[in-house]
Each structure stands twice: as C-alpha cells, then as structure tokens.
Amino acid sequence: MNWFYFSSPSTFYGLAGRLAPWFFVAAALLAAWGLYLGLLVAPTDAQQGEVYRVIFIHVPTAWMSMFLYFVMACYCGLSLVFNTRLSAMMARAIAPTGALMTFLALWTGAFWGRPTWGTYWVWDARLTSELVLLFLYFGYMALANAFEDPRRGDRAAALLALIGVVNLPIIYFSVQWWNTLHQGSSVSFKGTSMHVTMLTGMLVMSASAWMYAIGATLVRVRSVILERERRTAWVRSLGAA
Amino acid sequence: MTDTAARPQAEGSFAAGFSWAMARDLTLAWRHPDEAVLTVAFFALVASLFPLGIGAEPQLLARIGPGVIWVGALLAAFLALPGLFATDYADGSLEQMTLSPHPALGWAAGKVAAHWIVSGLPLTLLSPLIGLQYGLAPDTLGIQALSLLIGTPVLSLLGGACAALALGARGGGMLLALLALPLFVPVLIFGAGAAEAQATGMSPAPHLSLLGAGLIASLVGLPFAIGTAVRIAVD
Amino acid sequence: MTDTAARPQAEGSFAAGFSWAMARDLTLAWRHPDEAVLTVAFFALVASLFPLGIGAEPQLLARIGPGVIWVGALLAAFLALPGLFATDYADGSLEQMTLSPHPALGWAAGKVAAHWIVSGLPLTLLSPLIGLQYGLAPDTLGIQALSLLIGTPVLSLLGGACAALALGARGGGMLLALLALPLFVPVLIFGAGAAEAQATGMSPAPHLSLLGAGLIASLVGLPFAIGTAVRIAVD
Amino acid sequence: MTIWWKSWSDFWAMGGQAFFVWMSFGALLVAIVVEMLSLRLRRKRALDAIEEERDLETEN
Amino acid sequence: MTGKHRSGAPDVLQVRDLACRRGPALLFSGIAFEVAGGELLCVRGPNGCGKTTLLRCVTGLTRPDDGVISWHGQPAQVDPERMRAGMAYAGHLPSLKDDLTAEENLDFSLRLRGARTTADERREALASVGLDKRRRIPARRLSAGQRRRIGLARLALDPAELWVLDEPLTALDDAGQELFISLLDRHLARGGLALAATHHRLAPPSAVVRELRLG
Amino acid sequence: MTGKHRSGAPDVLQVRDLACRRGPALLFSGIAFEVAGGELLCVRGPNGCGKTTLLRCVTGLTRPDDGVISWHGQPAQVDPERMRAGMAYAGHLPSLKDDLTAEENLDFSLRLRGARTTADERREALASVGLDKRRRIPARRLSAGQRRRIGLARLALDPAELWVLDEPLTALDDAGQELFISLLDRHLARGGLALAATHHRLAPPSAVVRELRLG
C-alpha cells in the first residue's frame, strides 16, 4: 500500500468521506451496547449508590481527552518535522473533538464530585491539570486561527501542542504522585477491582467514544481540506459537479 | 576558493549568543531603568489594590497574603511579556538573530535571562516587604521569597515561549493571556502552596521540590522551543 | 483662486470624526473577534486564579468576591490599553488623524468608545456569571453589574488618556501601569464598594452616584485631554 | 445479563441521584448534538466559500 | 532657491523665516518660500539636512522654533482646521492597517480626510495603481511597492489643494514612478500645489518646478 | 537570465528549481541560478513580483515550496549554521534599536554576526559613512538616510562572503549611493558575492553584474 498516495489531501478527502459513516455506525452500535450494560444491567455500587453510573461516560471521555491530545501532538510533530500538509490538517480537525471530550470529563466529574466529595470542584492536581488540558486545546485552536497565513498558524500551534504534552503524564500520574482527592486507577493490567459488567460496560463505552472521535475527526478534516485547498483545481471541479 | 580569507570567517557558539543577547537586553533595560522600576511598582500596586477592594481585616489579609503576592507576581511577569520579542520582531532584529551563526538556543536563553533579571528578580526581592504589609510571619516570608526565586524563572521561560508563539498573531495580548496563564497556573499553585504550607505548620518541601523540578525541565526544554517559535514567526 | 473647486473642499466635524474612529476600530476588532473573546477569557482566568492561590472556602470567596471581580475587570481593561494607540502611532495613523480636518475630540472619543464596546461591555455582561462562582447573592450580582456598567467607561477613558500620554515615552506598558492604576483606584473603591454595601444590607446608592459623577466628569474632560496628548506624542 | 431495575420509574429516579446522573448523560447528548451541528455548519460554510469565490471569478 | 519661472497665480502657501533646532544644532533657519497653485517645490539636500523636519513644520506636526506659515494669506495657527482640510501629508510611515484590505484602508483614510467618494471611484483608483486583483487582500500580504501604491490611490482621490510628500518614490518600480508623476501632474494642472522632499528628479511636464536646497 | 559574461571562479551559491507560492498564486517556480565569487546578481521586476520573497527563500528565512539551495556545493539544510556564518542579509527592516546610539547599534549587530572588530574599526566605519559626529545620538533621532548608513557601516565590517540586499539604495542621497557602490565594489573585488533586489541600476565598476528578471 502506498501511504504517500493517501497523504495527499485530495485522495484523503475521498477516503475520509467513505470511511466516516462506518465509524459513526460502529460508535452508535457500541454506545447502544455500552449504555445497555451500564444503565440497565450493571448493579448498584455498594459505596456510592447509583451515581457511580457516571463512570460510563466520565472515564471514556477522560481517557479520550488525553489520548486525542497525544494523537494531535503526534500529528503536530509530523507536520513540523516533515512539513506534511495533511498532518497539520488532521491536528486541527482533532482539536475541537478533544476539547469536547475534555469538557465532558470535567463536567461529568463535577457532577460526580458533588454527591461523593460534597463539592463540584476542588483544586486538586488531577482536576487542575485536566482543566489546563482544556485550556491547551483552546490555546491550540486560538493560536492556529490567529494568523493570516494558515500554514504559519499550523506551525506555531503545533509547537504549542508539543510543549503541552508535558501535561499528559501529569494528568495521568497525578493520583500516584500526589495525595489527591480523586481516586486512583481501578483498571490495571494485573486485574481489576470492579464488577465485571461495569468493566465491560466501561470498555465498550470507551471503544464507542473512540470510534465517535475518529468519525467526527474525519468529517471535520474534510471541511478543513476544503477550506485550505479551496483554490486548487480539484476542489473547483468538485463543487462544480 | 577566493581570498575572503583576508577576513576570518565568523564562528557561532552558544556562549557568544547567550552573552550577546543578555548584554544587549540589559543595556536596553539600563538605558531605561524605568522598566524594571515599573514592574516592581505594578506588583506593589496590585498587592495594595486588594486590601482596598476587600477591606483590611488582619486575619483575612494574613490568610490571603501568599496567594495575592503570587498572583501579583504572576500578573507582573505576564505584563512584561509582550515586550520580550515584539519590538525585536517589528524592527527586524529577530530576522537577524535567526540568520546569525550563533545557535538559537543561545540567544533565546540570553533574552529570557535578561528578562528575568529585569522583572522576576526585583519582584522576588520586594516580596518580603509586601508580605510584611499582609502580616505574614518571618519564616513564611522566607519560604515565600524562596518559592518566588525558583518560580519566577519558570514563569519567564514559559512566558517567553508563549510570547514567541503569539508573535505576529492577531489578538495580541489577549491571545498571550490565553496561552500563558493556564501554563502559569501550576507554578502559582505550588508557589503559593509552599508559603501556605509553611504558614499552617506543614513542610513546604514537597511544593518546593516540585517547583525545582519544573525549573529544571523548563531550563532544558524551553529555550529550544523559543528558538523554534521565533524561526516560525519570522517566516 | 484656482479651479480645485472641481473637487469639493473637505469638511471636518465632530460627528464624522467620532463615527470614523468607531467604525474603523470596530471593523478591526470584528476582523479578529478573538480580541473581544480573549478579554473576557482573561477576566475569567484572573477571577479563577484567586481561588487557586487562596483556597476555596465558600464564605471567604463570597467575602472577597466583589473585590476580586472588580480587580479582574480593572486588569482586563488595563491589558487592552497598550493596543489602543500604540499601533496607530507606529504605523503613522495618528499623524494622519492629527492632520485630519475633524477635531481631535471626535476621533479620540470614537476610539475610546470602540475600545469600551470591545472590552468593557463584554466584561460587564460576564460579571454575573463569575459572581455566581463566588457565591454572591442575586441582588448583589445586579448591583455589581450596574457598577461595572458605569465604572468601565471611566476606566476606558482614564486608561485612554494615560495610554496617549505614555505613547512617546519610553518604558511602554509599565509606565502606563504606573500612570493608570492609581487613577483607577478610586473607581475600584466605589465600584467594589457599591456591591459590598448591597451585600451587607446597606444602600449602594452613594457609591453609584459617585461613580456616575466620575463618568460625567470623564466624558466631558478626557477626550479633549487625549487629543492633546496625541498631538504632543506625534511631534 | 438481567435488567437490574424493577421498574422504569426506579430507573429514572436513579436511587435519588437522578439529578447528577442525568445531568451527566444529558450533557453527553447535548455535546454530541452540538458537535454534529457544528460539523454540518462548517462544511456548509466551506462549500459556500468555494461557491462565492467561483462566482467572483466568473464575474471578473 | 532656484525658480525656473513663476506663474502669476497668487501664493497659497507662504513660509517666512522658518527655523528649527534638533538637539544642540540648528537644522535650518531663515527659510522662506511661497508656493502658488500649479507649482511644485522640491526640497533637496543630503541625508540628515532637515528635509523631513521642514515638511513636518509646514504641516504643523512639528512646532518650529521660529517662523510663520501662512495659508491663503492667513497664519496657519489662526484656523488650523482650515489648513488641515486643504492639505494631504504622505510621510515616511505608511499609515496602513495590516489587517484591513487595500480597499478598506483606502476607504478609511479618505473618510478621515473628510473626502466623500463612492465605492466605484475607489475601486477605479485602486485599479489605476495596479491593485485591482489584490484589493481584497490584507495589506500585510502586499509587497513594499504595492503598499506604497495604496498611498498613491489615496492621493488621487484626496480633495486637498496642497500635497506634502516625503520621499514619494520609495519602493516604486519604473511603472509606479511614472504613475506617480502623472498623478502629480494632474494635480498641479488642476491648480493644486505640492511640496516634496526627494533624492530623485521629479519633473511633471506641465508644472512649474522649483527647488529649495537645504544643508 | 542575462549574464554579461561569467568568470571562471567556482560557484559558491547554487539555486535549483526554486518555487514559492503566496496565497493562491504561484509567485515563481523553476528559478535556477548560480553565483560565483566576484559576481553580483541583480533580481529585477515590477512591484509585487516576488523579489523580496526570493531573497528570503535564499537566506532560509522563508521556506520555499520547492527547490534546493546549495552553499559551496552542499545543500544549505545540511549545515545551515555554516551558510548563515557566510551570509549577511539586509532587508526592508532596519534592525536598529531606537534607544541605542549608532555606535552601540553597530557593535551589537556585528557581535551577533560573530564578527570580531575593534572599537577603532567601528568608529572608522561610521566616519566613512558620514556619521562621525552623530555616533553618540540615539538612532531614533537620526534621519531616514542616516539610519540606512549605519547598515552600510555594518556591511563594511561584516566578514560574510555573500551579501543579500533588498532595495539597498532606499533613502540614500547621491553621496550615500556612491558610497554604497564603492563598498559593494570592494566586497566583490575581494572575491565576495552579492544578490540584490533593486529598482535602481547597480554598476560596480570592477564586477561581473548579471540580472535575473522576475514577473
């Protein structure tokens, strides 16, 4: 398979258009299954009561918020080093979905925190670093759009994204490094302390979030490609048809 | 080859770039000592605005003292940022720096160092005085100053990177705020946390060591990032 | 006389100058709505820095709320100042304004009005939200917003005058701080005072009427002062 | 794989913590709707911009 | 001052006894000249002799140390607005907003001058300086010469009687220079007057050109 | 490209297949040239044809969309520091600090270039461009031409082999232009090379002058 073939925006535009619906379908199916398990089948948590069901969105969105940032940073690195146009566009397309995931993690965390910790918000290390992540996404988007020349925006914002990567391990390990209010990891490679239905539900919801993020990114990157390449012949012929 | 050997070919080095940038920026600052004086004045003003806006109950003041001082330091450091690269960008000096034989790492670090000497250092030296106004205990004052001494260089480095990134962008100062302030937040938390821990009888060591780790990481990574950002800006 | 009558001689007027400056600055701001958005973002950030530095006890927060919001508004208004005249000065637009047939009063007022619409107004509109975060009561929120509505134009006018004065001077933004912040202090005191009076069950009317008087005085005197300062700066 | 709830009203009540649970799941729903709309809008804008430019070109 | 010959038109701009010092040194003193409709006065001299300073004194931007500037027979201080309405100044600085397009820049600078122009006139003026295709591009993306050309379009539409020009030919290519000369010529032929500081030769065909040597 | 004649010296700067787009339009493509010691290449063309952009691509400030720039036979990307050490760029922007004196400005810009000069040499260079009396005045107080002359003094002391000059004659009076030509001539005679974008004729007597037409 020739990767350079697909790294040209015009071919990728078509490919993304064909793939995106399938990712959305997969996301919807997985979500239906995950929500069925999480909301209807899974038993109550002994300590927290029913509110623990927030976990089925909180954890997947929190994971995705970090993972998407990581992927975005990888694309940014690629675009800085190899000056590839498509990777910069992919990074731009990921950012809004990443910000959305971060926002959801914060929001659901806050509504989980109120009944369990008695407050919507505390300035503990994990929550703070997750908030910083949200601002990093905002900063990335603002910086990328703050230049007359989109390619300058790409490069400046890419650098910002790379600097911000430092924040990821801080989010992830904050519960271990500091004595935080936020609870530690309950899923690990060695085994888990969770009920098996809960765990399956959470993993299925995570897979769904993942598929959704890919789908949304692919749809958005198509718009980005159109915006950026609107003066090229292939886009012209595309609209005329 | 031709006889340009008459003039020795230029040689670039980290040290030469560093000292060049630092000497130049300090000369410029020295020509106008107002700048340094004014950073401190701004800091003092912000710190005294609070008792005005909030009212002057001693316990309340002692309680919010470390936080306010750190926020003041952060804002003062922040206000001095736009000037760090903007004029060099507008008059073409940045182009010349990018084209100089010295590696970007050198002059980028030099500029940030000069900036810290002019803004962060005086602020650190002044902080005990402001702390006294808020009625902080002597040992808390010491820890406060120490946390500023470690923390303000981090602010200068992070701020420098953001200022370089925002060069030539529209939205100017406000974009800079959006970029820099969230990155400043952890520094603020650990910095103010150190003094507060001391004030409440706990050990400030964990906070300070985190700050120190942050300083080392920034020293290693950020001058390089600043150089790259400048290169992007002059394109 | 010669036949330049073919082209009608230009006519200057206050209204034309005012609307010219306002239209132009709003167009520039509209081209980059980020600026206005970012002013607000900065305000929100500053307001959330305090709980970070100080800790988040509900009573303490409600107690310092009005003060913090006003300080935040003041700093946000202040941050947007250097841009008010600096770019016009650097690119020669100020020279052209001074040489235009419209009286300086007109375009000076127009520029400040545009500045307020872009910075002061969104800030006023956002303040109730921030106030909620600090747990202020609904009536206090109202008075708070009202005091900002009257107070922020005063900040823009005073700030504009200082920005114009600081133009030719060295030291840039910091000199501005030294000039502007002390003038801002009375506005801060009465503004925060109004909300605090309301919160403690007293009448906010005296504070508000003082603010109003300040607004009228500034409206009458400051645009003229700004025009004169600009004329001095371009010499 | 049995359903945990005894009745639908039990389900909606979420053991008295309905507010927190449904605020979270509601936010998820709203977020997805908003993102879908914004994706639509962005695509429409991009296509409009292309159209507009083509018109301008034929005009000149 | 060497005048080729003087037309009979009454003097619109009169300068008497102008002096200005900069730092320790007297840049110039006792400068006197008058310019009538249809005349171009070129200020010449080596770098740093005070050409820019002289021009700024005449416009009123810089306060001279001595001397009187009269406009239509009346000292300019008496009614500065009137002189400002009748005078367009194009200095070293471009007074362009980088974020506005060429079209918007032109529109705003003309409105500032109190000139009433239609969109079509402005478009035509931009086309005549060769910026037709680029009128929607933000000024920051224009080349050095294209930015100067926006200034030419502005002059073409400005109703001012007197043009005060500092180095008007900077950054213009040959076509641009010719364009400027023909604009200037039209202005002078219409009865306008001009004061220019330049190192180039300026010779609009139909005008009386005089020189003022400084330094 | 029209070369009067080519000297036998080996090519120091080689450009192959250079292309750059700005916004929608391709500014230039397939540009190729080489410059050897003792040669001056003038880039010419109307306003906005891409001269400045071409020069910036060669220096490495702007990233071209295509093409290779070789320095002493090696692609410039391989060892950019080496090319930067051998090249002096004088663009539209003056890179002067308004608050520093002429002397300090010169000193700092030479140190940035890695050049080792003595205070006497710098003083002499300033005297030779006519700034002897003004070397202690802050640059903001200097006239447009005097500011450009500081740049000339810098070039005179820079050890660089290649000069890249954008509109070098702007704001200079006749004496200043002659001064520049003689500097350039000395540089070329010594075996240096130069690349210049200008609307003026440049004819240093002892050099091979070639032209590259754009647009």
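Chains: A, B, C, D, E and F, in written order; residue numbering restarts at 1 for each.
FYI, a contact is a pair of C-beta atoms (placed from the backbone, for glycine too) under 8 Å apart; a residue touches a chain by one contact, two chains touch by 3 or more.
Bear in mind the structure is a predicted one, so any value in this text is a computation, not a measurement.
Chemist: Of the chain pairs A-D and A-E, which one is connected by the greater count of C-beta contacts?
Modeler: A-D
Chemist: Going by C-alpha centroids, which chain is farthest from chain B? Tell me that one.
Modeler: Measuring from the centre of chain B, the most distant chain centre belongs to E.
Chemist: How big is the rotation relating chain B to chain C when the fit is done on Cα atoms? Please round to the nearest 5 degrees.
Modeler: 180
Chemist: Using mean CA coordinates as chain centres, what's the gap between chain A and chain C in Å?
Modeler: Here the centre of chain C sits 39 Å away from the centre of chain A.
Chemist: On a C-alpha centroid basis, what's the spacing between chain A and chain E, in Å?
Modeler: Measuring from centre to centre gives 58 Å for this pair.
Chemist: Whole-Å distance, chain E centre to chain F centre, using C-alpha means?
Modeler: Measuring from centre to centre gives 31 Å for this pair.
Chemist: How many angstrom lie between the centres of chain C and chain F, each centre taken as the mean Cα position?
Modeler: That pair's centroid distance is 46 Å.
Chemist: For chain C, write out the residues touching at least two other chains, lowest number first.
Modeler: Touching at least two other chains: 31-32, 34, 38, 41, 52, 55, 90, 170.
Chemist: Tell me, which residues of chain E touch at least two other chains?
Modeler: Residue numbers touching two or more other chains: 92, 99, 141.
Chemist: Can you list the residues of chain D that touch 2 or more other chains?
Modeler: Answer for chain D, listing residues that touch two or more other chains: there are none.
Chemist: Name, in rising order, each residue of chain A that touches chain B in their complex.
Modeler: So the residues of chain A in touch with chain B come to 80, 123, 128-129, 131-132, 135-136, 138-139, 142-143, 146-148, 152, 155-157, 159-160, 162-164, 166, 170.
Chemist: If we count contacts the way the header does, which residues on chain F are in touch with chain B in the complex?
Modeler: Spelled out, the residues of chain F in touch with chain B are 9-10, 37-38, 59-63, 81, 84-87, 89, 91-100, 104, 108-109, 111-116, 159-161, 190-192.
Chemist: Show which residues of chain F lie in contact with chain E when the two form their complex.
Modeler: 22-23, 45-52, 92, 130, 134, 137, 141-146, 148-149, 167, 170-176, 199
Chemist: For a test of understanding, state which residues of chain B touch chain C in their complex under the given definition.
Modeler: On the chain B side, the touching residues are 32, 34-35, 38-39, 41-42, 45-46, 49-50, 52-55, 60, 63-64, 66-68, 70-71, 74-75, 79-80, 82-83, 90, 170-175, 177-178, 181-182, 185, 188-189, 192, 196.
Chemist: For the complex, which residues does chain D have touching chain A?
Modeler: Counting only chain D, the residues touching chain A are 1-5, 11, 14-17, 20-21, 23-25, 27-28, 31-32, 35, 38-39, 42-43, 45-47, 49-51, 53-54.
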